[in-house]
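Report on one structure; see the data block that follows.
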Amino acid sequence: MSNLIEYDDASAEVRAVYDDIRATRQTDYINNFWKALAQHPPTLRRTWETLKEVMTSPGELDPLTRELIYIAVSVTNGCEYCIASHTAAAHAKGMNEAMFGELLAIIATANTTNRLANGYRVPVDEQFKV
Amino acid sequence: MSNLIEYDDASAEVRAVYDDIRATRQTDYINNFWKALAQHPPTLRRTWETLKEVMTSPGELDPLTRELIYIAVSVTNGCEYCIASHTAAAHAKGMNEAMFGELLAIIATANTTNRLANGYRVPVDEQFKV
Amino acid sequence: MSNLIEYDDASAEVRAVYDDIRATRQTDYINNFWKALAQHPPTLRRTWETLKEVMTSPGELDPLTRELIYIAVSVTNGCEYCIASHTAAAHAKGMNEAMFGELLAIIATANTTNRLANGYRVPVDEQFKV
Amino acid sequence: MSNLIEYDDASAEVRAVYDDIRATRQTDYINNFWKALAQHPPTLRRTWETLKEVMTSPGELDPLTRELIYIAVSVTNGCEYCIASHTAAAHAKGMNEAMFGELLAIIATANTTNRLANGYRVPVDEQFKV
Amino acid sequence: MSNLIEYDDASAEVRAVYDDIRATRQTDYINNFWKALAQHPPTLRRTWETLKEVMTSPGELDPLTRELIYIAVSVTNGCEYCIASHTAAAHAKGMNEAMFGELLAIIATANTTNRLANGYRVPVDEQFKV
Amino acid sequence: MSNLIEYDDASAEVRAVYDDIRATRQTDYINNFWKALAQHPPTLRRTWETLKEVMTSPGELDPLTRELIYIAVSVTNGCEYCIASHTAAAHAKGMNEAMFGELLAIIATANTTNRLANGYRVPVDEQFKV
């Protein structure tokens, strides 16, 4: 299991990231993922900055849609931690049970058709190559 | 490469599915994926019925959001055909370049954090287990 | 693309493997996979010996069943070369179109349920832990 | 962890599926996978109907062979629940330890050759393109 | 296929990244990957900055070792573009054919043992949990 | 969970492999992976012989580099057991925390670019096809 760095034991560089996580998310709670990444401060900083920009910067996609996409990747990769944390995040952003059910149904269906397309070695339609 | 079944060469069972695809999508075009699945009619029927229900039935998620989730799975699995066809479908449903850029940025970021969570063997936070 | 080593250009070590492949498969044809692996003779030898033992040694599973399992893995991994070569091998060992259709239907369904099990974070039943 | 819907708490729609699972499998036991899917009844119904048709309908592949293919996908995807439940199902359908050992040996070997084919970027032989 | 943004058609923001790629790699050539990412400038910038820091900043791992790790991920994911570009990069940094052969042999072996560990559901040894 | 075969309960064939593992690694400890594989002796023998040759035979890549490559595959596949055991092995061969941090940063970045290359369907540059 991973070594988790608590705020009180963290370097100034790590604390600065923890502080930004708290300010951005408006909660004092720092989840285990960040405490584990703190073992390698450059990865902690870079990963947080990327996640913050990708998930919270103004854009065409609303915050909940971004979480649904995130879950789709995490479920497909079978990342237990990521499924658990982003499902919680999606619920916090308004995902209800019906939406979660539809989300998993799409993820499951896409995984089905991905294998059928590969298995039958379907040639890409010319019009999709544009 | 796969053997593609054209409408004129298809059995009544297969034609019935092709007709429903055309009616549902309001286009005469049947893409290669379905023509390949027609080699095994039960799979063609079941896959189309599932896809139709999951992607077009009334629900909490709008049609474009469903395509974005679909692309997230297909990109993560590296299914060339699925990426090509569903990117085209998403564009047809209103995805613009900025949205596609944000979508891929989220997919890429989620794949990063999935590996970091696995690599650091991060224990799932108690609150995410609820 | 890969550098393919032809028999006439191969070292004695590589030729010995090519000869065994020909004898085992009772064909003069050496497919590209082996010609590519010949770039690293130890990998060619080890991979062939393993494949030969796993796919042709006497056992509980018949040769065709072994190919179906092989295809299930290759389709799930999306390995184009492996799908193409082992689908050809399965046909040579008696797989008909109906069997191939059932095979892909099972592969597709398993990929669906795999994602649903992960997505819903289903706890393993006590009786399955035995 | 997932919320599991027990029979007594289930809607008529869900109970109908549970009843069919019990009748089809000739056991009263409903495993956790179905109790979790019951959170989204359409997914429960569709997934069960697909699984029932794919795994139990008359066809070219016998029931045990179907389970072996299922396990090959689940092991390759690393789906813990699916490996546990389908290994149990395969044992119930006659898989002995030797068969399981051969099965995993093939799965392992296929995962090796999949990566070698990708890594060496082996071009698909013309004869495999047919 | 992707829309590739050439230097002359690029915005100032994109040109700045292209210029840094050229300066960092000491070559005028900008490969297709960056020209495709230029369709979404924030992703181009962030991805290049991350790649530059991860692959070229001073650290414990030498440049060639970093490329070998990169190839291991790309081969396992079956990303054709990534395998092709990073194999070229590794050759440029000193990878010889023997090293590439050993690399693929390790990647292939790890993919085998990964599946065996999953398939046999091997419990993690207490001492590995530290 | 898997059935683990202890030395005292093992056949002569299995004991011979256990003895070689102990001699090669200069430790009496046999980890769970091998005890699980012992359920199918041919797989135990073949897997150990392959692992021994690939990871310990003289070559261009040093022992620690080989472990880093191994971890890259295991993290990408999300194989918990393999990540745990090879992270321990890498530490034993000299991997320090900074190196582990850099390793995971590269693995994470490669997983990001793999998805971007797939998602944008980037055509392989001519020069990378050589």
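Residue numbering begins at 1 within each chain, and the chains themselves are lettered A, B, C, D, E and F in the order written.
By our rule, a residue touches a chain if its C-beta (ideal position, glycine included) is under 8 Å from a C-beta of that chain, and two chains touch if they have at least 3 such contacts.
Not measured: the values here are computed from a predicted model.
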Q: Go ahead and align chain A to its copy chain E using Cα positions, then give the rotation in degrees, nearest 5.
A: 180
Q. If you list every residue number at the chain C and chain F contact, are more than half found on both copies (same) or fewer than half (different)?
A. same
Q. Counting C-beta pairs in contact, which comes out ahead: E-F or B-C?
A. E-F
Q. Among A-E, A-B or A-D, whose interface repeats A-F's (more than half the contact pairs identical)?
A. A-D
Q. Can you give the whole-Å distance between the Cα centres of chain D and chain E?
A. 34
Q. In angstrom, rounded to a whole number, how far apart do the mean CA points of chain D and chain F lie?
A. 27
Q. Counting only residues that touch at least 2 other chains, which ones in chain F make the list?
A. 1, 39, 42-43, 46-47, 50, 76-80, 84, 98, 102-105, 107-109, 111-114, 116, 118, 120-121, 129-130
(Q) Thinking of each chain as a vertex joined to the chains it touches, would you call that graph a line, ring, star, complete, or other? (A) complete
Q. Across the complex, what residues on chain A touch chain E?
A. 1, 42, 46, 50, 53, 57, 129-130
(Q) Quick check on the complex: what are the chain B residues that touch chain F? (A) 71, 75-76, 78, 80, 83-84, 103-104, 107-109, 111-116, 118-121
(Q) Going by the contact rule set out above, which residues of chain F touch chain A in the complex? (A) 78, 97-98, 100-102, 104-105, 108
Q) Which positions of chain E touch chain B when the two form their complex? A) 39-40, 42-43, 46-47, 77-79
Q.
Touching residues of chain B toward chain A in the complex: what are they?
A. 1-2, 4, 29, 31-33, 36-37, 39, 43, 47, 50-51, 54-55, 59-61, 65-66, 68-70, 72-74, 76-77, 79-82, 84-88, 96, 98-99, 102-103, 105-107, 109-114, 116-118, 120-125, 127-130
